[in-house]
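Dumping the structure here so I can ask a few things about it.
Chain naming follows the written order as A, B, C, D and E, and within any one chain the residues start at number 1.
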Amino acid sequence: MASIELKGVEKWFGEVQVIKGVDLAIEEGEFVIFVGPSGCGKSTLLRMIAGLEGTSRGQIMVGDRDATAEPPSKRGLAMVFQSYALYPHMSVAENMGFSLKAAGVKPAERQRQVAEAARALRLEEYLDRRPRDLSGGQRQRVAIGRSIVREPTAFLFDEPLSNLDASLRVEMRYEIAKLHQTLKSTMIYVTHDQIEAMTLADRIVVLSAGKIAQVGTPKELYEHPANLFVAQFIGSPKMNVLPCRTGRGEWQLEGGRGGVFAGADEAVTLGIRPEHIEMLPEGQGACDGTVDLLEYLGADTNVIVDCGGALGKVTVRVIGGTDLQPGDRVGLGFEPSRMHFFDSDEQSVGAG
Amino acid sequence: ESLRFWTTEEQPERLAAQQELAAEFEAASGHTVEVIPVTESDLGTRATAAYAAGDLPDVIYHTLQYALPWVDAGILDIDAATDVIENLGGDSFAPGALAMAELEGGGYASVPVDGWTQMIIYRKDLFEEAGLEAPTSFDAVRAAIEALHNPPEMYGFVAATKVDENFMSQVLEHVFLANGVSPVGPDGAQPLDEAATTEVLEFYKAIAEASPPGELYWDQSRSLYFSGDAAMIIWSPFILDELAGLRDSNPPTINDDPTSPELASKTGIVTNFSGPSNPEGAAWADIRYFGITNDASTDAAMEFVEFSMNEGYTKTLSIAPEGKFPVRRGTAENPSEFSEEWAKLPMGVDRKKPMSELYDQAMIDEIVGGLDVAQRWGVEDGQLALASKMINSQAINRVVRQYIDGQVDAPAAVQAMNDELAAIQ
Amino acid sequence: MSIFRHGYVAGPILGLLWALVIATATAVVFSFATGGAFRPGGIGAGLLGAGLGALAVLWPRLAGPVGLGLGALMSLTPLAPVVTGPDIAATPALLAGGVMGAATGWPIAAMMAGCHSGALTRHEFEASVIRFLTGFGYIFFTAIVAIPFYVMVMTSLKNQSELIQNPLDFSIDLSKGWDLFRSYSELFGQFNFGSYLWTSFLVSVLTVFITLLFAVPGAYAVARLRFAGRAAISRSILLIYMVPMIVLALPIYIAFSMLGLRNSIFGIVMIYPVTTIPVALYMLQGYFRGLPAEIEEAGLMDGLSRLKVIWQITLPLSMPALASVSLYVFMIAWNEFLLAFMLLDDPSKFTLTRGIAALNSSEIPRQHLMAGSVIATVPIMALFLGLERFMTKGLTAGSVKG
Amino acid sequence: MTAQTPRSGSAPLGQSAETSRPAPTPPKGRNPLERREARLAWGLLLPTVTAVTLVVVLPLLAIFWISVKPVGLADLRPPVPVVSEDLRGRPEAVGDAATLRYRLRNSSQDQVISGVLLTDTLPKGLEIGDLDPRCVLDGREMTCDLGDFEGGYRETIEIPVIIGQAFADAGMELPDSPPGLTGRASNVLTSGSFTFENFARIFDGAEFWGVLWVTLVYTVFGTIGALLFGLFAALLLDKSFRGQGVLRGLYLFPYVAPVIAVAFTWIILFDPFSGSANALLIQMGVTDEAINFFGQRPLALIMVILFEVWRYFPLSFLFILARMQSIDTDMYEAADMDGASPFQQFWYLSMPQLLGILSVLFLLRFIWTFNKFDDIFLLTGGNAGTRTLTVNVYEQAFAVSNIGAGAAVAVVIFACLLVFSFLFFRFISQEEGL
Amino acid sequence: MASIELKGVEKWFGEVQVIKGVDLAIEEGEFVIFVGPSGCGKSTLLRMIAGLEGTSRGQIMVGDRDATAEPPSKRGLAMVFQSYALYPHMSVAENMGFSLKAAGVKPAERQRQVAEAARALRLEEYLDRRPRDLSGGQRQRVAIGRSIVREPTAFLFDEPLSNLDASLRVEMRYEIAKLHQTLKSTMIYVTHDQIEAMTLADRIVVLSAGKIAQVGTPKELYEHPANLFVAQFIGSPKMNVLPCRTGRGEWQLEGGRGGVFAGADEAVTLGIRPEHIEMLPEGQGACDGTVDLLEYLGADTNVIVDCGGALGKVTVRVIGGTDLQPGDRVGLGFEPSRMHFFDSDEQSVGAG
């Protein structure tokens, strides 16, 4: 039984269709992440599930019941907002206990539950503080604590980490992962940061312009992107995309060399991730190019190679440092099993 | 019953006196009276508004100009007023005052209470010094201006020029009457006589030119006269107490002692004023009335008016004896009772002295005598109502002001006045 | 233009202008303070100023002391910067000259800071001019605002004869003691101002309450909830906000007359809020729009209904705005004149403004009028100064209305 | 955990659900959540909308109605027949003759009341003499059919009576049972008579155009003046220094203080005889004679405009200041780096940024100044060439007691207002300033 | 000759000292980046160089002259603001030409120079647009263009990319690098993103609480951090820090194993970067631990290993995927040459 199910869900703002028919079943206990570029409708979809936006067409099932017409308070879901949305006029304890108070739970019982959640989130010391006296990470934890207390059917997160700075984000990401391990509740999480999506999700839903581009585990998405959009969206640095031709079991780069092509349909684009390219002497590998720029990152170095003509710039990840200098000529070898081919509709036509 | 009484005597001291009267009435009759002060310049508007709203007070203390128009407007209950006068005895009233409120078809608009005559107040000392005769005529005034006008130390006159003040209407009417000009005749409106009106206009322009610039009314006249900066003004007898330094809120400032009667001793007055076309001249008087309204609790209101005019009459007059000459001279038993009482009333606010102590008897006689010969437009012709409407329209004020300001010449001004007045029916 | 951009030209010119400003200001201040005859001496002040301006460019440190000394000295000559009447003793004249010189010298030195006698860069020159304009601006605005206020208060403490004798003399004769406040005691004693004050207060507070009662839900709906006609309503609020009161006053007057609501506090309390509701709606909706929607949505997710969200979350968060709106509405109600003037005739029911209007008549001395004005002004000013932040916010949020 | 719904998953995009709907269209109607919200919204708005309709919209309609009716102030009171009853003749004993008198009148001076009917129960113990021919007596009940009363009509009906014992026992007084009097009259306010005379009248007089001109001069100069002064003051206070709060509070005084207080203060300050301003000017030798600031023709208008500027510059100043403080300081720093001088910064950076708020403020203030009534009313009462449209409404309706004409002027004002608001909304929708 | 030199520069805001004595010489044509955590004074220092903040103590030399007392307009520097600070009411061309206009340059000449800069930045098409009609990246380019037009002695950048989204940031980073290659001007650049710092800088200045923690090339900072602060600040994921003891030429992890220690002074902390740890069977390497969480990133996987006790969690970067599961026991091998040791003052006492 799916915990939450969307059936042909659409959202129109006036004449504009923002969600264009989404079908999705989320299992009990699953950690599902919506990713996609800004404006693709992630937040809207989440808010529709929460009941904060009405559903123009289609059905939203929560548990077994049709919740499409239910107001948010009835759906039994909890939501963590990007801005945390803590009640500034209440202490941390009051914030966390507020939903219980609204439900008419006795103070003693309320206090017990709040204390429990606070312990789980290491917030005991701060229970009497006002939100403004907390750091970003602590606020984030309070926001999560507030949700936990309600023991909701599912948790909804809308970019909960985007207001934090880089190192805090890494830390909170870890905590959310642990939280899911502990609670084992259904979680739906919106982000536009693909690293977050990759590291946290059981399943990732990639949205593009109000439609689902692909649903799958992080590994599936990384290794078998269904289309060019997903291929470029997932992975960092971005996948290199090169024009190519296929035919007679072979592929051939525009202005470069080629290899064996096992795909079914004809492909016009080849995708290869920076980490799957090998630096070879000039003349070897799939194509040649000039080193344009080196981006030294310490652990790795991104080498940007200008392959000229239709191929353009190709990013290559080199582990550790490199002796290359801008201006050096190199050949690029593509790992055969890691190549992705896409047809003129940008759909995947099989890996290399 | 509880009565509401509108009064234009709204200075705190006078109000207090009226409240005392109300209290006495309550003790005598059991009816309570709420005394409500109304600014004189608002009275017309307020009464009309209250009439429209159906919440007229029971009794209104008003001036002559409203008496007949308010009957027309349905504000006043003439039957009640007539009854009161009958009850008190019509012959105990000064006939002139009664006549002014008498209606064409019989009956009275309202009950006369008191009256005063308008006076030209002048600096006797300066006049004597310059060998001038008292300002009893247009020419005498002109001569005095010629001799004394020396701004800004001394203004020859302080004329009324603020168009929307009643004061200007009063002064103008006085000057018109002095030259025998009236906009009404026995058959209703009549055009102003051009020659005589031109004389009036020229005279008025002359005194306006001898006045300080700007919009002047009673307030400036008094201030300037009190500070010794004006040789002549036109004012009501209400000035007599302040003039003698009896009132701190408006003291004479001609010297450093605000309580000194010095200015009073240097002051002379004229009530009967004449123009070239009317050598006999005329005095201008204002009579005040108690009007009982159509919305009143008639019986109680009548009782109140009767009380104020009978047992309480002395008290009524004592509110400001210098400006309230009795129009009811006495009762049937003692026909001069009230006149005698009045003469003994002390005037003043912060200090009190009877009039006889401050002014010589001749002057007092001149003041009081004015009331008997006083005139108003339309009284003799039975056209008081029409005349009042004309005055209330302020058309004459406006045109005269335009003439003074040099915007129109005399014939055009007369023409304009005639046009505007003709439109009033 | 570029000729002015030299220290030896800009300094004297600015000095001259500044000296004229200061001389006028000094003369006015001394006149008001002493009642004596002081007037700015154009030529003397100009010369002094030009000299000090030159000095400020060459030896800025000297400008102040020299100004003080020279100003005082010159005041004894025909070239006095502040000319005094014949009845003024030497000491005040010296004082006026000295004050004028000092107030010219030091500031002009500050204005010309960073300028030297030669050609100035655009930045240096403009900085000086701006400092000059700033100084002038402060003096000018402070004068135009403070003088009427000062006159109001002082007039209320004098009596008619003192005022007429010398309208400039606002010095207070402290020996009069409590008698100084005679107008006030008369207003409260004889003119019933205590009761007007109470009525005004009552009416204003009730107006605030009723206004909020209506405006809060309305503003919330317009600001937050989506419904057909929202844009239209939102615009109508502004439109209604622009309808002149005098246009409405006429039919209201008629209706009240017919319904017998004239001359009743009830009628006033009924009508005031309606004039303030559009303002309050407009202000509150702006504020509500600015509140983060997410906090309310969090409330919805926490299981509250919309109404409870408004009550438990939006309102506590809107306290500052409610305070601003309340203050602003209070001010409107407190200062309201037209309706009170038209609808109230009965002195026992007057509001303060109506009571003051009644003072403006026949023979009531003007110190009473001013005392009444002070009584009406002081509470609102006190509120204002005490709660300036809210008030300013209220003003900026809602009020282009006046 | 890994199960995928058949529809989504790695199926290519082209196959997803909406291929079956070729051209998607928005659904009709609103969804349940939206309906719920709309219901709530109207519920919350209802009290306000009702109140505002009652007190703003209805009066506005009333104004239009009245403006085409020939009504004076006094006509607001519908005409009724009035009667009072008394017993005349001072009877003292049984058998005395007396007169029972009914005094009747039409409360209106110009409207007809038709079908006037007088009914009264005559007291016991009175022997009734000759009745007026229009009256009939039925037992003690008297009914008189008096026909029509013209405007201003009055009459007295006298009935001679002889006092009987019963009446004397009752104390010789008429019982407290007022006679009844009924009649039909039409009320101008509700009748079907319309007239354009009000408009004809106001447009006819040369006065109207003068008033309109004065209004425009007052509005334009008052608004611009307040704006300029506000701008200057805002520039002064746009930097933070100690005492800035105090100064700001002080500068707001003209606006915050009750208008009646400050107006009277100005009147006293500029009084020609004992005002400090004149004394000061005379002393400084600016003028020899006292100037009558509020009583002379062009000067009064100038003074009223100055008052308007003085009173409302704080408001512009607040708005401009708020806008200035919201301008990104980065921009000025960038200009500093670019080497722009202070005046260049003001002219090229601040002014264009403030233009929006200045124009919005101009329009709003223009409308408000146009609507202004209290200030002029208190300062000059509309005299000496300062009568504006709004003062004219008051003048016509109350001073001249012609409500119809007042309403007509109000309609003119309202029409102007609509034009301005139209401009305003056109403009403000572009200028998302306020 | 140094292009810009700071000598004992200090900044006090009232009683608070924000810059605590900075000495730094920036060479002609150098690309210097200030990094450091939020609030450490990077922006303040940059603004002091620009002249937008006064200098409380010390000297700022621009070229040969002492510019400490000069107003910004005199220093001949150009600044690119974080918010871009474009003049919203001017077109792109006007924005770029404003400094020339302020200096009184003739319109024709102005137009020529603006056109030239626009060409260099590919902004020709947008010259007539208002800033609000531009995308974030374009605005950024206009802000740079505005600086270029002035031909300044040096460019100052205050977090110029922090308002852009991730992929645009990568792109603009590339463009700034190219710009520096082309113009060869001195550039001072503030960021708190260490990746930007590593990839762009010739030299990085790490600031910590108003003081310079270390100055050096990216490689120096990565390989030889002078102290624990720099070690943890540079590199992503963060360097693992483990308590250790040293003595007699050996190091020993608290609750783990040890190895040869070549450092001079006694060390209390050992730092090792996630990319320099090898997964070994339990019992081998420097210590053992339980796999706590896997963060799958596609190209790599971060394995978070809980070593228990004082050692805590250690992050290990594994290239590509891994078969490990949470709960597995592993040993961690540290690359000997890549270990860093720090004394109790957190100063480096030499590498392993």
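One rule holds in what follows: a contact is a pair of C-beta atoms (placed from the backbone, for glycine too) under 8 Å apart; a residue touches a chain by one contact, two chains touch by 3 or more.
These figures come from a predicted structure and were not determined experimentally.
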Partner chains shared by subunit A and subunit C (touch criterion as defined above): D
Chain closest to the middle, measuring from C-alpha centroids that were averaged per chain: C
From subunit C, the most remote chain by mean C-alpha position: A
Dominant interface by contact count, named by its two chains: C-D
Between subunit E and subunit A, distance of the C-alpha-averaged centres to the nearest whole Å: 27
Chain centre separation (subunit B, subunit C; CA means) in Å: 42
Computed distance of Cα centres, subunit E from subunit B, in Å: 94
Subunit B and subunit D: spacing of chain centres that average the CA atoms, whole Å: 35
Contacts with 2+ other chains: residues of subunit D: 34, 76, 273-274, 341, 398
Sites on subunit B at which at least two other chains make contact: 49, 52-54, 223
Subunit C residues counted as touching two or more neighbouring chains: 123, 164, 254, 257-258
Which chain pairs touch, all of them: A-C, A-D, A-E, B-C, B-D, C-D, D-E
Contacting residues of subunit E [partner subunit D, same complex]: 50-52, 71-73, 77-79, 81-83, 85-90, 98-99, 101-103, 146, 150
Of subunit A, residues touching subunit D in the complex: 8, 10, 12, 14-15, 17, 20-25, 27, 29-30, 51, 53-57, 68-69, 71, 202-203, 205, 208, 211-217, 220, 224, 226-227, 345, 347
Of subunit C, residues touching subunit A in the complex: 292, 294-295, 297-305, 308, 312-313, 316-317
Subunit D residues within the subunit C interface of the complex: 34, 37-38, 40-42, 44-45, 47-49, 51-52, 54-56, 58-60, 62-63, 66, 76, 232-233, 235-236, 245, 247-262, 264-266, 268-269, 271, 273-276, 278-280, 283-285, 310-312, 315, 318-319, 322, 341-343, 361, 364-365, 367-368, 370-374, 377-378, 390, 393-394, 397-398, 403, 406-407, 410, 413-414, 417, 420-421, 424-425, 434
Subunit D - residues contacting subunit B, complex: 73-77, 82, 84, 103, 107-109, 152, 272-274, 288-292, 294-296, 381, 383-384, 398-399, 401
